[in-house]
Structure formats: C-alpha cells, structure tokens
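So the structure is just underneath, and the comments pick up after that.
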C-alpha cells in the first residue's frame, strides 16, 4: 500500500473535527468517491473523533489523513486517529455494539467500523488508542 | 417513537441549520446535519421525522434551482448517515443473535448429553454417547473417542459415531480434544468432516467442554466399576452357596441380607460333610449388619468347617469359634450366635446333636401340626464370658421338619410395632404340617417379606431340613 | 452496500414513480414509493441511496411550489418507511441478542458446574456446589438443596448458599425444582430472592436442568459410596492385621497387594498362638490376584487358625487346608501355596517345624552373610493331586533371620524381562547379615518396589523373623 | 373499546391492498394522525396484506378497517386481516424476526408489529390466521 499524501490534524475541539472531515472529503472527492460514501466517511471520522474528545486525556489527540493505494491499484482514503488516553480495557466489548450491556445504539467505534471498508484498532490499558480506517473509492 | 415536541424542535433546528448551509456550504454547516441526525437517533426519533424536517426546511427556502437541490441532497444525506449506521448494525446484531442462539442450542445439547453421559455406569456406554454427542453438536460427519488401557491387563477402548465407517475423505477437516482424569491422560476425542469444512473456535470450545465432562464421567465409571467389582466379588465369594445334596436328607435354605445393593450380611448358614462321615448343618447371626458383620461370617464358617474335621461335639466346635472370635486382631470384638447341628443321616430318620450359642432354639414341625422347640439355650459367642453350651440329642422321624432361623425372622417391626414375632412364626409353622422342608422355608420367607413390606430391617436366614421320605419304608 | 447499477436503477425508477404521483396523487402511486423502499431494503441499499434518488427526482421535476414539496414529502416518507421498520427492529434484535447472550452465560456456568459437581465423590460436596451454582446462575439471594435420607438409618442432608442465613424477606420470590433419581424422589432444590424479583421461564429451565444433573451426580455418589464402603470394609476385615507381640521373637512383615485402589490380594500371612503354647507363622499365595483370590485367603487363614488348635504338624494343617480348598462350593477350584511354620520360642533361639505346600523355600540369613534355603519343597494345595508335604525341623540361633516371601518378590518383570529374581534376592540378603528382621524386610520391599518402578504386577508379601537378641545371654 | 365505523375489503390482488391502505389513511387523516404515523400504518397494512397474498390459499383473504376508541377516549384505526390459509405453525419463530434462520430482514409480520401500537395474532395449523392491529391517533 503506497502512501500518496499525508496530513496531521490535532484534535482539541469540535472545530478540529470539522477540519478533519473537510480534509477527508476533499481527498474523497479527488478520488471521485460517490457522495453517499463521502458522507459515510465523514460520519466515521466524526465518530472516532468523538471518541477522542470524550475519552482521551484532556479530550486531545490527533488524526492523520492520507490517500492509500492497495496492491491491485485501488485507491482510498485512510484515517488514523491516535490518543494518549487510558486505552480500552475490554476491546471486544467496546466493539460488540453494546448488546451485552443492552440498550446501546451501536454508534461510536462499532458504528464507525460498519461505515468503512477496513478498520483496525490498537489499544490497551494505559497505552492509548490508535484507530486506523480506510474507505476505498471503488466498491469491492 | 419521539414526541411531537422533539419532532417539531427537530424541524425548526433542521430548517435553521439548512439555511446556514445554503449560505456558506461549509463543512462546519454540513457537520450540523450529522449532529442533528445523531441526536435524532439517540432520541429514538424516526427516520420519517427527519424526512419531514427536511421537507419543512425545503418549504422554508422555497427555491428549486439546481444549486439549492444539490445542497439539499448533501444536507439530507448527512443527516441520515447515523440512521445508516444503525441500519447496518441491525444486520450485524442479527448475525450476532443468530450465532448466540446457535451457541445456546449447542450448549443445551451439551447439558442434555451431560445428564445422559453421567447416567451411564459403564465406560463403553459413555464412550458411545460421547461420540454421538460430539458428532451431533458440531454437525460433523464422524466422531471417534479412544481411551487408553488403565492397566496393562486391560484393552484400550474406542467408540465411533456413526458406528459404520464410510470411505470418507482422504484429507478431512478435523478437530480434537484431550481426555484427562485426575491429572493423567485418558485418551482423545476427535471429530472429522469433509475437507472444506471450517470448524469454528466455538466448535472447538464445545468439543473441549464435552471432552472434559466425558473425562469426569469415564473416571467416575472406572472408579465405580473398580469398587463394585471388589464389592461384588468379595460378597459372592464369602456368601455361603447352595446346599450340597445329602442322601437321605431333604434340606432347604432362604437367605436375604438387609440393605439395598447388599448381597451379604451378618447372617450365615452352612451344610457340609464333617470329618467322621456325618454332616454339619448350622445357622448363625453376627452382631450387626452389612460388610463389617459379613467378614466375621467368613471367619465363623471357615473356623467351624475346619473344627468339624477334628471335633464331633457341637459344643466343642462352638468353643473353638468363641476362641477364634476372641483372637481376632484389629477389629473390636464381634459377638455371634450360632445354632450348630451334627447330623447322622439314617434310613428315614436323622439323628442330631445340637448346641445353641446364644441363638433362638430351632423348631420342629410335627406331622400332626404341633410345633416344639428343641435344644437348650446357650451363651452368646465372642463375649467376655466363657460360653455355657449344652449338646442335646434329637431324632427327626418321618414327616418331621426342623426349622433353624435367625432373629430377623421373628423380630419384624413396622413403625416400632412388632408385626411378626415368635408367636406368629409358631402359628405359621402349625399350618405347615406334612410339607417338605423347601415348602416350609418358602412359607416362612413369604410371611416375613410380606410383614416387612419389602423393606428388611435385619438379615433373614432360614434353614429347614428333615429325613427324606422313604417310599419303600412301609413296604420293606 | 449496493452497487452503482442498482443505485442508478433505483434513482430512475424513483423519479418515474414520483412523476406519476405528482400527476394523480393516488394511493396506488404512493404505494409505489413503499414498494421501492422495500426493494431497496431487500437489496441492502443504503438509506442514503434513497435520499439521493429522491433528490434526483426533485431535480427532474424542477418545481418548488408547496404542492410539489408536499407531494415530495409524502413520497419520501413512504419510501423510507421500510427503513424505519428495520431501524425499530435493531433495538428489538439487540435485546434478543442480549438475552441469548445471557442464556449462553448461564448455560456455560451450568456446564462448568456440571464438571465440578460430577468430579465430587461425596454427596455433601455435591449439595454445596449445587446450591452455590443455583444461587449464582440465576443471580438470586439464596439457594437451598435438601435430600431425603436414603435409608431409615441415615439423616436427611441439606446445603445452603450462602451458608449463613440473613434475616431475609417474609414473602420472598421463589422457584424450585425436584431432584429425582432412578424414578424415586430424592429431594428439592430451591432458590429465593427479594419479593419483587420476577424469575423468568429461563431461570426455571436452568434450575430444572441443574436439578437434573445434580440428581444424577447424587445418585452416582450414593452408588459409589455404597460399593466403596462394602469394598473397603470387606477388604480391611479380611486383610491380616499387625503382628502380635511374641516374647522372644522378633518379627516383621511387609504386604503390598498389586492393583490401584486394591487393599487385599491373593497373598497373605499370619502369626498367631497355636493350641499347645507354640506359635504359628505362615505366608501364602492364592493363585490369581484381586478380590477373587482375596476371598480364598480368608478361607486359608481361618482354616489354618482353627486346624492349628488341634494339629501341631505343619503338614497336617496344610492337608486340612487342601481338603477345605477342594470342598469349596460354587467357585471353580483355586490353588494356593503356603509356607507354614510351627514355632517353639526359647531363650535366644527359635525351634521350628516347617512345611512348604508349593511355596518357595524360605531363606535363612546367617550372621556371617551366608544365605541358605530351609525346608523341603512340597506340592501345591487345592489341586487334584493329594499333596506331598514334608515337615522339616530347623533351629534359628542368635543373629539368624528367616525370610518367608511370595513369588511377587522374586518374579519382578519389566517389559517381559526379569529384573529382580531369586538370584537378586539372595544377593540382597547377603548384605543383610546382622540386621534385625524389620530392617531385612524393609530392604527387600524397597528393592522390589524400585525394580517394579512403583507398579506391581503381582502381590508382594515378606515375613521375616528370628530370636530376639538376649542382652544377658553372654553374661549369664 | 367502542366501534365507530367498519369496512370490509376482500384481498385478492394488489389493487385491493391499495384500497385498504387508502381507507386506513382516510380514517387516519380524519383523526388528525401525524403524517409519519399515517405512513407507518399504511406500511403495516401492506406487510400484513402481503402475508395474505403470499401464504393464504389462492392468496385470498379479507381486511376489516374501522375506528376504535379506548376506555380513556383515545381514538385510533384498527385493522383486522383474516385468511383461511394453512396458518402459522411456529408463531414465536414467525415473530422473532427471522434471526434463528439468519439473514432475515425483519419485514413481514414482525416488521408490521413494530410499526403499530397494538398487535395481536390468532393462528394455528389449519385454522387460518387473523391479525389485529391498532394505531392510536395520539401518541402515548
């Protein structure tokens, strides 16, 4: 997967989230991604950014957005969100849509996961959280 | 879902936010649509409410140009994106529910199998049930279970489900789980299916759980089998056997140890050739019941058999038994009562020397229906006092039957009330005049079992004998 | 979700259907919007695709008047209604998934409990585990299990979880399940919680399942306990006990039946006072191992003890044993070997008459380290042939130890190779000069166990004795 | 619950379904039911009518639509759909959203159930199926 471009956005306020959405949308438009997919990508970014502003230390973190290309030449937008927060203790539970505790609405990380093509999370107690997601421009 | 107020609030805020977006087309303004949609989902508003809010916003702007329509499309799309998240979640959670439900089915099958497997007392049955369950619960083509021999003398055991092998795949998919019991390897449980089958982690977990419960059941069955074999074998080996045929003597015995699953108690009897061409018939009762008493019956019988080779006086044999009981090491002393008879069997009559060590006197059933005790009461054997024993000589003639019995026959109680005692026994025997010994013993046993309502509180033994009727007797 | 083609198809059909609706505002035309939405859901299209289709339809009609906007609102609402159905289903299915997951947790707890409960061999442990599991698995305040007495002699048993009672509710919520085993009522398992608690049907099902598996475990434990008690008690009662102290004689014994969980085999020994002030020491081996052979050892010992009261010649006692073995009823004949010694214990020496019926000759360990067999080989007892037996008189002096043993000592094999035999025994005893009998017996046992690697293939018995060293001997 | 009016519509074709939707919508408008609820009611009717045209003998049945009023004076539209079809053998399964067989989308009867305020079903092998549903004009 070759990296085309890269931009780092510090997430400290709602305005930063808007910047990230805008940046991702611009890259998506450049790839001629369908408008519905642009919307889903922006929504996924909002959900993972919300995770930072809600759970990270001082609500701070950063988002890296760039274009990627896979071995078959397919292009997409990749978003990496990082924070130095407390990390997620029970990852499986955090991703299983809250059904074990009941009444969850499946937003947040599990919601974001469903909106994109690739989703990866690296976390643990005390080590912060890094979420990586990719939305490909052409559908599979 | 939702109330009018929230819905109206949504419409107003939607309209206002849309106006802002129409003015600057900024990402910030578009983000407001996402926020509105997310809030609507959290407030459990309907997607139809968002559609209506959208149209009231359209009415407010009152413009049909392409630019406005395009902005409207962007804004509506953004406001619906959270609904799309939930929509996708539905399909996902439905799959989760389906998988959980499947897991429930597997676990329930496992629970049922657990009951069935643990209800089996033989290792063979457990193995077959386990193989069948393994195949069924993971829906596989075949399951095999094999356990090692416990002991170099035993064979390894296997079971397969289904029992007949098909040709099968050359390279099937397979998973297996080890069977272990008390820290030792017992064997292995394996499941195979067509090569394209992919077993899930849950299949493996279920198989492991099954292997675990089968291991416990196998271990229990092995332990049970071992103890049961010892218990059965010892009880059967120690139990007095059938009476030997004795020319000129008709004899019958009935023997019922008290207690479920017990084959030997403290009562005993014997009939054997004594050293001098005569015979010995005896009945006895060791204090107590169950296996503790049973071991003493072996001592009593073997001691008297050996003594009878040297000694023809019943009192002499009983004195030796008394000494043997006193000499017993280890165990606390056990008392014992015995009625011992030394028999000389003649033509149509039996002459006997009789001694009773603490035992109820035997009863003679006369052909005329009279019932009389014979012998003289003596002392219990095995106690501190030197036993007082008296040999009494009795002759049984034609049609006379001597009935030896233990106190289990005459102390039948129900709710602390004696329901069959000495008086009832005598009354019953008075109806037995002229019957052969086997019929007499049968009647006594039947009466005792009936009085006990099938639940004996003490061992019961009955030994009845008399001269065999001699057909030529009156002719000769 | 969805492909461009399907999405484009949707947009075109949506636009056409909307045009029809705009023209006649009929329910039929509106129903087309419902159909389109439903198809979109079935094709797993996104709600955003419907929103986009709606806007391309709006672009096509290019009108912003109220009537058109109102029709557009109706049409969009209708096309989204199936999405709303799914959205509402999400919350419902999530609840289903949660309940199924809870059920899985309960069933897994039950499966774990099943293994633990069935691993318990005592009824008391099973009851406590069952009560603890019942309380935990339905998350209740307290659980109680009570079982009836099996037998009028036993007490009923109960267990409570937690063990200490709190004051509790006067009218708690409660559910219970019956315990039954082999068709009989065993007892009851009950769970109580605060009065407002509503137990679900699933809670009842889980409790019933737990009661069922506990019933099986209790029944198994009772069966096992019964057989184990019989097996233990009989074996312990039949097993020869500790040696009695004999003035002037130092004696030691080692006794190890082969087989796990077996306390008594076919080997036996005895040391007891004979009739004439002398003593009898003997060792023997019944053909075979395990409980079958064990019962015959009882016959052999009791017979010889009784015979020794009348008979001082070893060969005479063994002949009587031969006859007793032949007289055994029921069982197929059992052979037996015995080495029998009649001892007169004197001041610093022991004079003994010795006969061996088919048994290996005992060995004397001399103070100088020489090891010599004594006695004369005789015939096996209990077989068809009248045994040939010879009494031999031997005197053991100061420092001499006589070692009687069974063939388990000299036929230790490993992988079909003899690893400890007669030669090894003699060599070992040659190193035992001057040792007291207990030390000699200990050394032999240790060597045999080491050679067997802890897994005996035959019973092992060793009986060693000699005159007690007399401290005054050389002074007097 | 007092009955205000009643109309019986035979369901034999798609056109009859439209008639039923229209009748229900007219009653709903008369009760000033919100437009979104009108849509949900029409959708519920479509789903239960679809159940008749798909599963009943010859795809035939009937729908009764009337206005009802509860003890508290609340008014609503009631729809009763009947058929003489084979009936539903495993009702619980038919209503549990198809999750046991996987991949169901929760349409049909379980879908209709979620869109209305009251839902009742009377069925069994060989006895046909009667579905009764009510949508109240004022929200609870």
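Each chain gets a letter, A, B, C and D, in the order it is written, and its residues are counted from 1.
The rule we apply is simple: contacts are C-beta pairs under 8 Å (C-beta built on N, C-alpha and C of every residue); 3 or more make two chains touch, one makes a residue touch a chain.
Fair warning: this is a prediction, and the values are worked out from it, not measured in the lab.
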Counterpart interface for B-D, drawn from C-D, A-B or A-C and sharing over half of its contact pairs: A-C
Chain pair with the higher count of C-beta pairs in contact (A-B, A-C): A-B
Euclidean distance of C-alpha centroids - subunit A vs subunit C, Å: 55
Subunit C-subunit D separation of Cα centroids, rounded to whole Å: 61
Distance from subunit C to subunit B - Cα centre to Cα centre, in angstrom: 14
Residues of subunit A whose C-beta touches two or more other chains: 35-36, 39-40, 97, 99, 105-106
Residues of subunit C engaged with two or more neighbouring chains: 46, 48, 52, 73, 77, 81, 84, 86, 88-91, 93-94, 96-97, 101
Residue ranges of subunit A in contact with subunit C within the complex: 34-36, 39-40, 97-106, 139
Subunit A-touching residues of subunit B, taken from the complex the two chains share: 27-28, 30-31, 34, 38, 41-42, 73-74, 77-78, 81-82, 84-86, 88-89, 92-93, 96
In the complex, subunit A residues that touch subunit B: 15, 17-19, 21-22, 25, 35-36, 39-40, 42-43, 46-47, 96-97, 99, 105-107, 110-112, 114-115
Subunit C - residues contacting subunit B, complex: 1, 44, 46-48, 51-52, 54-55, 58-59, 62-64, 66, 69-70, 72-73, 76-77, 80-81, 83-84, 86-91, 93-94, 96-97, 100-101, 103-104, 107-108, 110-111, 114-115, 118-119, 121, 150-152, 209, 212-213, 216-217, 220, 223-224, 226-231, 233-238, 241-242, 244, 259-262, 272-273, 290-292, 294-296, 298-299, 302-307, 309-311, 320, 323-324, 327, 329-331, 457
Subunit C residues touching subunit A - in the complex, by the definition given at the top: 3-4, 7, 46, 48-49, 52, 90-91, 94-95, 97-98, 101
